[in-house]
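Labels A, B, C and D are assigned to the chains in the order they are written; within every chain, residues are numbered from 1.
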Amino acid sequence: MEKDSYKLMKPLRGIVVPMVTPLLDRDTLDAAGLERLIEHIIAGGIHGLFILGTTGEAPSLSYRLRYELIKRVCDQVGGRIPVLVGITDTSFVESVNISRKAKDAGAQAIVLAPPYYFPAGQSELLEYLDHLTRELPLPLFLYNMPSYTKLVFEPETIRAASEYPGVVGIKDSSGNMVYFRQLQSLLKNNPDFSLLMGREELLAEAILLGGHGSVCGGANLMPELYVELYNAACSKDLQKVEVLHQKVMKLSAAIYKVGRYESSLLKGLKCALSCVGICNDFLAEPFHRFRRAEHEVIEQYVKELGINPKK
Amino acid sequence: MEKDSYKLMKPLRGIVVPMVTPLLDRDTLDAAGLERLIEHIIAGGIHGLFILGTTGEAPSLSYRLRYELIKRVCDQVGGRIPVLVGITDTSFVESVNISRKAKDAGAQAIVLAPPYYFPAGQSELLEYLDHLTRELPLPLFLYNMPSYTKLVFEPETIRAASEYPGVVGIKDSSGNMVYFRQLQSLLKNNPDFSLLMGREELLAEAILLGGHGSVCGGANLMPELYVELYNAACSKDLQKVEVLHQKVMKLSAAIYKVGRYESSLLKGLKCALSCVGICNDFLAEPFHRFRRAEHEVIEQYVKELGINPKK
Amino acid sequence: MEKDSYKLMKPLRGIVVPMVTPLLDRDTLDAAGLERLIEHIIAGGIHGLFILGTTGEAPSLSYRLRYELIKRVCDQVGGRIPVLVGITDTSFVESVNISRKAKDAGAQAIVLAPPYYFPAGQSELLEYLDHLTRELPLPLFLYNMPSYTKLVFEPETIRAASEYPGVVGIKDSSGNMVYFRQLQSLLKNNPDFSLLMGREELLAEAILLGGHGSVCGGANLMPELYVELYNAACSKDLQKVEVLHQKVMKLSAAIYKVGRYESSLLKGLKCALSCVGICNDFLAEPFHRFRRAEHEVIEQYVKELGINPKK
Amino acid sequence: MEKDSYKLMKPLRGIVVPMVTPLLDRDTLDAAGLERLIEHIIAGGIHGLFILGTTGEAPSLSYRLRYELIKRVCDQVGGRIPVLVGITDTSFVESVNISRKAKDAGAQAIVLAPPYYFPAGQSELLEYLDHLTRELPLPLFLYNMPSYTKLVFEPETIRAASEYPGVVGIKDSSGNMVYFRQLQSLLKNNPDFSLLMGREELLAEAILLGGHGSVCGGANLMPELYVELYNAACSKDLQKVEVLHQKVMKLSAAIYKVGRYESSLLKGLKCALSCVGICNDFLAEPFHRFRRAEHEVIEQYVKELGINPKK
């Protein structure tokens, strides 16, 4: 089967991994780590790969490296699961540029949060989406991430944009569950529009009450856990959901809470991946990898979570 | 005299124009407008040109266009006044890339606001500046712009960074005058460190009480006004200051307050420049030029302010 | 049975109504409306009454009127269901004063959000709770309401405070479900500590995955709906949950979304209650009742929701 | 001369002290300290006393204590300087109540920030002011304090309210000098309307360019310093202004910056006042007095600032 014949499910369902970007230094990919990470994720039964998102440190990377990453990931995945590529940018033209690289490399979809420098109004965002979607060569997921972009796609903006050609879903990472439920209500007559929960702590309830999937950072590390929880939620097995949800909460309370800053999630995740031998823990500026003290705490947590090192 | 022999004053004093970027469409410079604009500004007696800042819509432009702009501006200016180039970026590597283009084109300095996607802590910002300044080929002005970047360079961070090689000043656009006065106090033993006020409404008082200069968007339109006010403030002519300050407030209350959104300043300024025949009023997404109704309001204001059209 | 012998369940479970305060004018209770409202709510099978919360406009009311309300409500309820009284105040002493009035009137518990003027740190909030709980004569529910108080009780603060005598639960109105799930994890060894969801749109999922109850503004209007949904969620009847949750979303999308401001919920709720003949729609300053145009919209929604007028 | 014959200047000019409230414990005034503090302030040449503001911890105090304070202060001052009383409250009725106590005690004016719990829109705030000013027995100063109230009186709201009977001025504590200059422009045809700067770090420039006075917390401690600076600014003696402004910045950088939280100003000021023997340093919850380590730092600063202890 050729890559191009891969069909993106409508709606997209399941667990999508917002992949970390393994780095050797600020402008060099950890190519071997990247390969191991992709195989680890696919082996875990994951339904899709989202590269160049927040967890992938996209805004911190050079365009050259982003393009290299797109190419390498698509080649390595080889059509086994869909690849979604983040094209969020303050520059319209650069977003289009990335989308074309994604198309050329064989990705299946692209993902876009609001342009995050200028404080645009909702009608401006909608006009921006109107212009942008005309230029995009792949299906588009919108991405709500207000803590980082400071701009929200308000529910009514999402609903209006859902009628633009190629807009196929939304990933909501706000943690604001009222927002998610409002989106669901507004879009209930559009069953093909994918509602993806961007916070793994809310994966269970998102699916139980009608969400289609979840984008889970922890699935870089423990892909099976999230796939199992997703399956339990799909089959309404509340007892199993409860047990697996507790495991997700435990990972979140451990790996994402070390260190002082909001970047704890990113640092903890890369640190844990390096502890188990999957990839390097280098982070691009403005961050840096955990130093010794935090590294030891993460190492201990990885053991407690029972994650086995790769040989 | 060769371009390279241009010496940047320490501290930089006077009126710097945060130049708008004349555009024909989202990825095409209005080259003729750019030429007219530069000559208009220099003829007005301005002391420096700051391109690719917020007023220059830098984050909305493609890198290709930014590089073209740097080249064209430096060529056109030809060393008559210093050119400062904005290198603010979420990506460390891209900031360095722009700084090298600026150096190659003959610019005199670069300007940097905090990377504006990830919420970094102050110690992380300081480490980021430590790493970055090692890579930069030109003197650096820091840029405080919290309403857009959401990250602040706190006064103590500025003070610590002022000891890094090549860090020569700060442009503060917060409007928070307590912050500006605290910076002045912290840096009083560093008389070469340039304190530039980024809000033209505060130009007068910034200079009267020890600031070195001001970055004034309105000076794209009426450069002489700001130079005159700067000179009056330098010579402590309070009566003249009062009169000219009122004119600045009048321009600000007119040109920057049309339309509904925070982007009123940008839209109004480009619209006014097009009314007087200097350059096109196209704005890159996520914005758009004023439509008819607002255009007419701006046209009227331009007349009331007594700005003569260019032939 | 005497009022004092009423035992507050540990944990408190079920639907609690954050009661609106029926007013004739800014300092006069609508006593007849209050009586009708209480009987309407109790007849609907509600498990508890929360007066003087945000929905009750407590901060806008005089202390005299608050005291009168406490007395009237406790008398009217007569121990049939527990009464919880909001004591949130910027003044420690006034919070204690209200708590004593609540005790004297026969209320069963009190509810406290952070003092909302001064920006206190978490350790300061914890010390404040330490001092305050020593003075309180009734069991205390903490109340997280960051959009109004701007101060958050962080999860670790709640956990630490849960060990103070008399602290029996938390009402979370943030809408941030990650916060709610984190609280659950932190408090999992304290099964008597009540976890109440303050956003009715999240009632279903809160209960399905281990929350104890929900505080639902809409239950002023349609108490049976929320009780039924609570019961369906308790018995894990997912199909029934889905249907009733949709009704809650419909009420929320209609009644709470009329008008321009964040006060739409309060205004819409009081307006709807007046449409069905339960109580007056007067709101204390800084708000005012809906004027004609909005009133007609609410009237139409009330019909569509099939709510029958009281005779 | 009778108290009632005291005429409030229009506009009010000079230095107003936002008086701290000396406390023995959370509900007991330090009556002796209060007397010493008032005499210290009047002896320093201050032009007005503002009690029950933010620096006075008004929101943390019981109403009983606030009323006692109003009475004691007005009695002690005895008409020597005008007394302004803060009536900011989330409850309209309580604001009116305090204003009547102020009138009865012989105060000259009242001061009001927006009601700070519910997020009201500007048109709602204007209507609130319309209703409230009809009930107030004394001239009213508006008070802009967005960092604490989270609601802003926008410039156009101030201008509209300036036409209501009895509205005589504005105290702006935002630190946003663009806001202050915009107010000045909007109100330039109303020369009786008092423009008071609420941040002492900006006293000098506020006065130099047309402001009428300043409300300075540090004048609790060093009243003469602020009066001298005010006088120098009035007489446009820029050299003297520079020297005295540096002293104000030094006090601010020392006394207000000890400790971790935003409450540093309040704690430092009360601590310093206790170091020089003026009054007790008790703070009402949610704060507490500085403990030993911070106390010693403040003690050292007080010495360095050359403030002599009272016998």
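Keep this in mind: contacts are C-beta pairs under 8 Å (C-beta built on N, C-alpha and C of every residue); 3 or more make two chains touch, one makes a residue touch a chain.
Because the structure is a prediction, the values reported are computed rather than measured.
Peer 1: If you walk from chain to touching chain, how few steps can bring you from subunit A to subunit C?
Peer 2: 1
Peer 1: Can you list every chain that touches subunit C and also touches subunit D?
Peer 2: For subunit C paired with subunit D, there are no chains in contact with each.
Peer 1: Counting contact pairs by residue number and requiring over half to coincide, which of A-B, B-D or C-D is equivalent to A-C?
Peer 2: Checking each pair in A-B, B-D or C-D, only one repeats A-C, namely B-D.
Peer 1: Taking each chain's centre as the mean of its Cα atoms, which chain lies farthest from subunit C?
Peer 2: The most remote chain is B.
Peer 1: In whole angstrom, how far does the Cα centroid of subunit B sit from the Cα centroid of subunit C?
Peer 2: Centre-to-centre distance between subunit B and subunit C: 50 Å.
Peer 1: For subunit B versus subunit D, what separation do you get between their C-alpha means, in angstrom?
Peer 2: The answer is 36 Å.
Peer 1: Residues touching two or more other chains, restricted to subunit D: which are they?
Peer 2: Counting only residues that touch two or more other chains, subunit D contributes none.
Peer 1: Each pair of chains that touch: what are they?
Peer 2: Taking the chains two at a time, the touching pairs are A-B, A-C, B-D, C-D.
Peer 1: Show me the residue ranges of subunit A that touch subunit B in the complex, using the header's touch definition.
Peer 2: Touching subunit B from subunit A are residues 26-27, 54, 59-65, 90-94, 97, 114-121, 124-125, 127-128, 131-132, 147-150, 260-263, 284-288.
Peer 1: Okay, in this complex, where on subunit B does subunit D touch?
Peer 2: Against subunit D, the touching part of subunit B is residues 175-179, 181-182, 184-185, 199, 201-202, 204-205, 208-210, 236, 238, 241-242, 245-246, 249-250, 252-253.
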